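Note that the chains are named A, B and C in the order they appear, and that numbering of residues resets to 1 at the start of each chain.
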Amino acid sequence: MELLKVTHLHKEFGQNTVLNDINLSVEKGEVVVIIGPSGCGKSTFLRCLNGLEEIQGGVITISGLPVEAGKRDITKLRQKIGMVFQSYELFPHKTVLENIILAPTKVQKRDKEEATKEAIALLDKVGLVDKKDYYPRQLSGGQKQRVAIVRALLMHPEVILFDEVTAALDPEMVHEVLETMIALAKSGSTMLIVTHEMAFAKAIADRIIFIDKGDIVEETRDVKEFFNEPKTERAKKFLKTFAYE
Amino acid sequence: MDKDILIEYFPLYKDALFLTLKIGWQGIILAFVIGLIGSAIIHFKTPVLKRIVGIYIELFRNTPLLVQLFFIYFALPKVGIQITAQTCGVLGLGLLGGAYMIETFRSGLEAVPVIQTESALSLGMSDFQTLWHVILPQAISISVPGILANVIFLLKETSVFSTISLMDLMFTAKDLIGMYAKTIESLFLLVVFYLVMLLPISIIGAIVERRVRYGQFGD
Amino acid sequence: MANLGIDVLFKGTNFLRLLQGLWVSIEISLIAVVLSIILGLVVGMLMTLNNPFLKAILKVYLEIVRIMPQMVLLFIVYFGTTRVFGWDVSAEASAIIVFTFWGTAEMGDLVRGSIKSIPVIQFESAWALGLNKMQTYFYIIFPQTIRRLIPLSINLITRMIKTTSLVLMIGIVEVLKVAQQIIEANRNSSPNAAFGVFAVVFLLYFIVCWPISRLATYLEKRWE
């Protein structure tokens, strides 16, 4: 079942074309990993998908409904699209639990008790239930990021976008976050992941998308082969930057 | 200094203090409300209203409260707008303070990173929910030192109320000096009462500023 | 416009008198600002020295200025000194003393803030070159703070002009007093004069203060 469809997406900042002509279709339950050099437009691509950026051309649909920035019903659509940011962006004035249940109770008008119960169950899964009454600044980066993931999950999104979620973390904390994401992938969530962690990409991806200079240069479901023997020169060159002779 | 005189004058000053506090408090609440609404208008870049708020801020920040009060109290009745001296005090203080509070809140709102807004939006919150639940609480805590500074500034500004015949502390002092020439005692009580009113706020301000300057929650 | 009393201002020298009244408070402001800037530089510098006794005194000074309404200070100087010391301080002199006392504290705090924003290593490298404290402040530190201080000092001018409207209360004939006199003199022929005259006073203050604060904002943005 096709969940997310992007056709002829074009995005520019002023004179600068960031995304040229992106076409992509994501099935339910699929884990798509987007990689590419810094500044290739992969983060901008994610931001377009939930209407944080206005696009200059093309159509994005989720479950058949168009995503358009600035439109009134964009909040409805965003509830179907979860997003986790590089810098966590927990709300500093709310506790872990309050952070998590804020949107479900205020936006989806769900029962507070029910939301709390689910939040605690999810926190338990990621090993943070004892931190539920802490404020974000009392947590480590890895813990914050896991809370941010739980916060996105509690909205029951149909697809979750991960924007370089480990880029701001200390190396020893990267693992705990990636573990959480792998568990999530196994449970059948639809995920779009932008990352620089190649080993992780290899482990989690059903499909790899390689973007360079605003275009999809290579796209494959044969993940192993992509990392061993990419088809395009540009992907080869990019993967080489991660290797040490 | 004559102790009996001090005791005799004390109740007069006490009443004056209560009047000052009453008008001051109401004026500050009004200023706060104007500040919230005005800064939200600027924050959301509401087309026409934004211009009006801008003009209002410039007008009231660039004229003395004394002149604003004279205009409201003496000039407006001539075009049929009649209000009591107390209402005039509240209105004058609220309008002046509002212009300052808008600026304070606005810079607080600007200090909250844009990505916090994006993070709330990506959870499906509306613009208003984002402002109310996510941005405003952070902005206000960043603004607390500025708000308290405004409160002190506004309570000090109440000293011009005597010019529209409100029997505040200044009025009482001036009256007693003029009538009985007990200058020292009158001035002494004047200083003491202003200290009583403003020193606690100033001290709280210093403590709070240290606590919330960086919007730190959870200590 | 006749019924709103604007016409009163065009009778005889009325408008000129109003402007003269405004000039009285602007003059007091300018004198006080100049004195405040000079004294403020000194006070601000003193505040950054690590002398505990000096620090305590200056702290009390700042706190007095922060808490006491300028009007109270005006009353103390104008009425109080005559009574206690037998001095006969004129209203104008009282005003200049009080507004300089206030302005110096404001300016001093601004100077302190901008000196503090200069990295310590700048002081240290100046000392390493053999400059003494005074030389360090005048050749190294002040020039670096000047861009921050100029907009703030300009802002102080508008605040000073607004605050000097208070001198009405100690009997100085400034623009509001002149306005009252004009309204009073024309109360029969033009009963609504209060509206026109006070509206004009309001606008006059705005016309004087607005360009100055725009200039301060402009410089602040340009030099940030």
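Going forward, contacts are C-beta pairs under 8 Å (C-beta built on N, C-alpha and C of every residue); 3 or more make two chains touch, one makes a residue touch a chain.
Only a predicted model underlies this, so the values are computations on that prediction, with no experimental measurement involved.
At the centre of the protein atoms shown, by the Cα-centroid criterion, sits B. The largest tally of C-beta contacts between two chains is found for B-C.
Distance between subunit A and subunit C, defined via averaged C-alpha coordinates, is recorded as 56 Å. With centres taken as mean Cα positions, subunit C sits 20 Å from subunit B. A straight line joining the Cα centres of subunit A and subunit B is 46 Å long. Residue positions of subunit C in touch with at least two other chains are not found. For subunit A, the set of residues that touch two or more other chains is empty.
With touch defined as above, subunit B holds no residue shared between interfaces to two or more other chains. Here subunit B touches subunit C in the complex through residues 58-59, 61-68, 70-71, 74-79, 152, 156-160, 162-163, 170, 173-174, 177, 183-184, 187, 190-191, 194-195, 198-199, 202, going by the rule given at the top.
Note for the complex: subunit A touches subunit B at residues 47, 50-52, 75-76, 78-79, 81-83, 85, 87, 89, 91-95, 102-103, 106-108, 134-138, 151-152, 155. Here subunit B touches subunit A in the complex through residues 115-116, 118-126, 129, 133-134, 137-138, 141, 215-218, going by the rule given at the top. For subunit C in complex with subunit B, the touching residues are 4-5, 63, 66-72, 75-76, 79-80, 82-84, 158, 162-163, 165-166, 168-169, 176, 179, 183, 191-192, 194-195, 197-199, 201-202, 205-206, 209-210, 213.
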